[in-house]
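Scrolling down, you'll hit the structures one after another.
Both complexes shown next keep chain A, but they swap its partner, so chain B is in the first and chain C is in the second.
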Partner chain A sequence: MSDISEIKGRIKEYILNEFLPGESAGNLADDTPLRTSGVLDSIATVKLVSFVEDTYNIELAAHETGIQDFDRIEDIAALVASKKS
Partner chain B sequence: MEHLASTFEATAAAYPNRPAVYMPNGSFLTYAQLNDQASRLAGFFRAAGVVAGDRVGLTLPKSFEAVITLLAALKCGAAYVPSDWAAPDARGRAIMSDCAVKVLVLHRQCMGILEEWPVQLPTVLIVDDDHGAEAAPGTQLFSRAIESDAIEAKDLDRDPNRLSYILYTSGSTGTPKGVKISHRTAMSFVDWCSRTFEPTSEDRFSSHAPFHFDLSILDLHVAWKHGASVHLIPDSVGKSPKELVQFAVAHDITIWYSTPSTLNFMTQFGGLEKAGWTGPRLALFAGEVFPIKHLRRLTEIWTRARWFNLYGPTETNVCTYHEVIPPIPAEATEPPPIGKPCGSHTIAMVRDADGHPVSGAGAEGSLWFTGDCVFQGYWKRPNEDARVFENIEGQRWYDTGDVVRYEADGVMVYVGRRDRMVKRTGYRIELGEIESALYKHQRISKVAAVAIRDVEEAVKIVACCVSEGERPSIIEMKKFSHDNLPAYMVPDSFSWRDDLPLTSTGKTDYQKLLHDLAEKR
Partner chain C sequence: MSAGFAHARTDIRRFFLILIQLGLLLFAFKAYHIESPVFLTMSAIAFAGFAVHYWLPPTIKEPFFVALSAATAFLVLEPIVAGLVFGTGIVIYGITRLPVSWGIRCGLVIVVAVTVIALRSVPELGVPSAYWPTLGALFMFRLAIYLYELKHAKKPFRFLEFATYFFMLPNFYFLFFPVVDFQTMRKGFLRRDMNDLAQQGIMWMMRGTLQLLIYRVIILLRGSATPEAVTTLPLLIKNMALTYLLYLKVSGTFHIIVGLLHLFGYDLPETHRKWAIASSLTDFWRRINIYWKDFMVKMVYLPVYFRFRKGGELRAQLVGTVLVFVLTWVLHAWQFWWLSGKWLLTVPDTLFWGILGALVVINVFKEVRAARRKTAVALPVRIVQTVGTMSLIMFLWSMWSSPTLSAWFELLTYGSLSSE
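Moving on, here comes the complex of A and B:
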């Protein structure tokens, strides 16, 4: 689904710009753990949640952004896609 | 009274049926229940060999178990030593073995701390969310320990000169150092809070700061002196701005105490404005500089609150304060001052570069303190003690390392640090500790950590690194930092360089690095 890949792309671009300045895009895969590995701390996570909520005009509940379910770009994109439809 | 345990027990006798501590879901323990469970756990500690002067460690999330543990330690005359349950195991192990805790109360998730323990293992109590679980070999269950017989009156120790708690803070050499606080010192702060904020048994205190952070002393011990309730905020709520706002409103907090970062977090991401809540009666903030535009915005939302900036390192707890009275003029650009010393237990001196006391508007220098507010030294760090204490005419003075300037009327403003300590989201960070951790990476040959302020005036840590061979990816460096440092010390960004600039005396030129980073932005 092209929708999902578009969402993944935007999330990836946001994470690279905001939290990983200087990192090459090739090192950030769709399945790279973000929170369990320390790439995103709690404040960065809140900023990311806020970014996807604003970008896609959706609301995420606290239980949907837990460390296990909100850890990889692919999981986040799938969540966003399910909320949009 | 000059003892935290006696103070709590007097309140428990006066208000046995009032709630002492709440969890976010509304469950609570009354003063009588909390006192009874703490006395039973103290009985267990005593039977396990804990005597006055010992240490009891706790590596737990915010929970009833955590407050029962720290009170039980105080009842025995032991000092409680909290460590961050979310930090890497090695850090908890370093802290708990450094001060040789006699008993360690751990959440089951933190049992990695016990591996490779360098000395004889303490008695270990496990807190488990699964109540049917069995204890692992060599450990016992907390839930059984609180069924012990209560500690006997003869075993209570009420010497105010003993240590009440030890809080570990970042150390520049790479290992955290323990700040020793006696009951007398702790109570000098608690009693000042009573006089200044006049809490009552009707008050509801937020408990946002983790117990290893000194803001928690006010939340717990001031509330418990007055029969007020403490409303525990575990990480799961504290890290979600929307839940945090809902929590504050639902519990109708009357005394809020946190870092400015936490308050900003609620305004920026938690929908504080839309919550339609006029706020607590007292909004206290400490731990870092509060950018004035953010503070102004908050004062327009929490219209009910009186606002206080509380200043002080862990070594003195709060030692100066300043009330900010809204409205804050739109043209104001300077952050609020740190204010004036709190009273006779906090005697201040500002000294110039030659050590001479200075005063009067415009005078600038290092801020020193003497009086009951001053801590009892670092745990087994005589060299650190020698560095920060100076005896002047029979008084022991403590050098905060902070540089301040007098404004009119004896009000002080914070200018900066003399050394390489920075504050990030209220936490103290020795940049040297970050460097020590990063040097453990095989492909890092040189590293210098510096702190910059971003456009929102938040502190950002940049690690300037030189690699041997292929440069690790930034994701790898983040992960390595995460595995070796507490979350608040993980650098925000990494900057690769071919070499580090040096000063004429051959030391790392941090000013040049800061200059280069500013140019890049």
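Moving on, here comes the complex of A and C:
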């Protein structure tokens, strides 16, 4: 499994467990909008920020957590991958 | 082939299907006198523009959108107003491209803003009065987002990116406009199939039109429940409910605006999400005027959170939330000044934002402290929560809508205060 696929998988698992209990994994695609569709509110967003920072030992800045980079699993995974490399 | 090119595939069958629906929408606008004749003109231009835009190569679509928006501006506004607004915009763009630090460019933009604000109080200049609200509608919030993005951008933005963001076609008619996010708009351009985007836009415009029609019914019903006519508790409840539902005017127009932008390939999120069925005040804040909430999260909440989080998660989130509500109150006054020329600093307005902010802060405190996973809520509980939330919102909303605090007390006491 490639690095980015692994990141996507872990983020997806975290979101499903933490914010979408009971939801089928099939209903959460890599390109599902999370914040603009209301899945993640501001408190959930900062929880997710803490999760990816702790899991991947990276540090994010405020402007990196805007909707442009932090609204879809695929975008978040790409951001994490770029910070790791 | 880029994603944009792949998503711009034409389909003659779907094109005509979309065109027929747009024709029906235009007919509904005319038949039901939606908004004003100027709105009908703007919609006709936009829909005809869509018919051309659809067949253009992806690289030409955005320049065409800017040209169409400019033509609309000169048709729906006085030409002198349109010229002044575009001139000011070009000056601002020129400043943002100067080869100096971001701080200096930002300072120069502020100098221009302060000068424009000061000039409003000099009527001898002969500047048409429509200039200020139009300029404000385009720049009063989006310029802050643009400067924020500019600070973090790896390269300067092209004029086309600036023009598509600030000179959006519907903004020349709708001065009260959702705070569209720059990156969301840029990233959303042709992100999905343009036929699907246009179809969703039509659905949202229909939803907006329906809300504007219901708004008209609300106005009629409210005629029998004006503050002066409130003499019993049922009439008071009716007045409060109808006053709250007047907000359909805002949500309806915002749906039309964003739906219209979908026609031109911009995959923007919805502006309101079933705001009348919020189950808590925090939920209400997240459903109503979502663009404003996202604007505040981006510009205030997250920067404050990142600055203070080393001192504790809870403190950072509470400080961020408090500042969001303080700035929402101040910026509503700022918006009111641009659109009307007066400052909106009334006691009911201050109290409304103060109470709403305090209650949301308490909710945030509880949510962060609880730190537990979301669980599904049983339907009866959800109904009770929704009814309770809506009752509280309607109560606060009636205060917010009253010109003074004493007028609101008059309403609550069925006018007995003045009759004593």
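Going forward, the second predicted complex is superposed on the first by the 84 of 85 C-alpha atoms of A that agree within 3 Å, B and C clash if a C-alpha of one lies under 4 Å from a C-alpha of the other, contacts with A are read in each partner's own complex, and residues count from 1 in each chain.
Here is the rule we use: a residue touches a chain if its C-beta (ideal position, glycine included) is under 8 Å from a C-beta of that chain, and two chains touch if they have at least 3 such contacts.
Because the structure is a prediction, the values reported are computed rather than measured.
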For the overlay on chain A, clash or fit between chain B and chain C? clash
Quick check on the superposed pair: does A:Q68 touch chain B, chain C, both, or neither? Answer first, second, both or neither. second
If you stack the two complexes on chain A, which partner ends up touching A:I43: first (chain B), second (chain C), both, or neither? both
Which partner does A:S24 reach: the first (chain B), the second (chain C), both, or neither? first
Considering only the stretches 1-9, 127-135 or 145-153 of chain C, report the one that runs into chain B. 127-135
Between chain B and chain C, which residues of chain A are contacted by each of them? 19-22, 37-38, 41-43, 45-46, 50, 62, 65
Touching residues of chain A toward chain B in the complex: what are they? 19-24, 27-28, 32, 37-39, 41-43, 45-47, 49-50, 62, 65
Which part of chain C faces chain A closely enough to touch in the complex? 148, 151-152, 181, 183-184, 186-187, 269, 273, 282, 286-287, 290, 294, 297-298, 301-303, 305-307, 309, 313, 317, 320, 364, 367-368, 373-376
Inside the complex, what are the residues of chain A that reach chain C? 17-22, 33, 35-38, 41-43, 45-46, 50, 61-63, 65-68
Across the complex, what residues on chain B touch chain A? 239-243, 261, 265, 269, 425, 473-475, 478-479, 481-483, 487-488, 490, 492-496
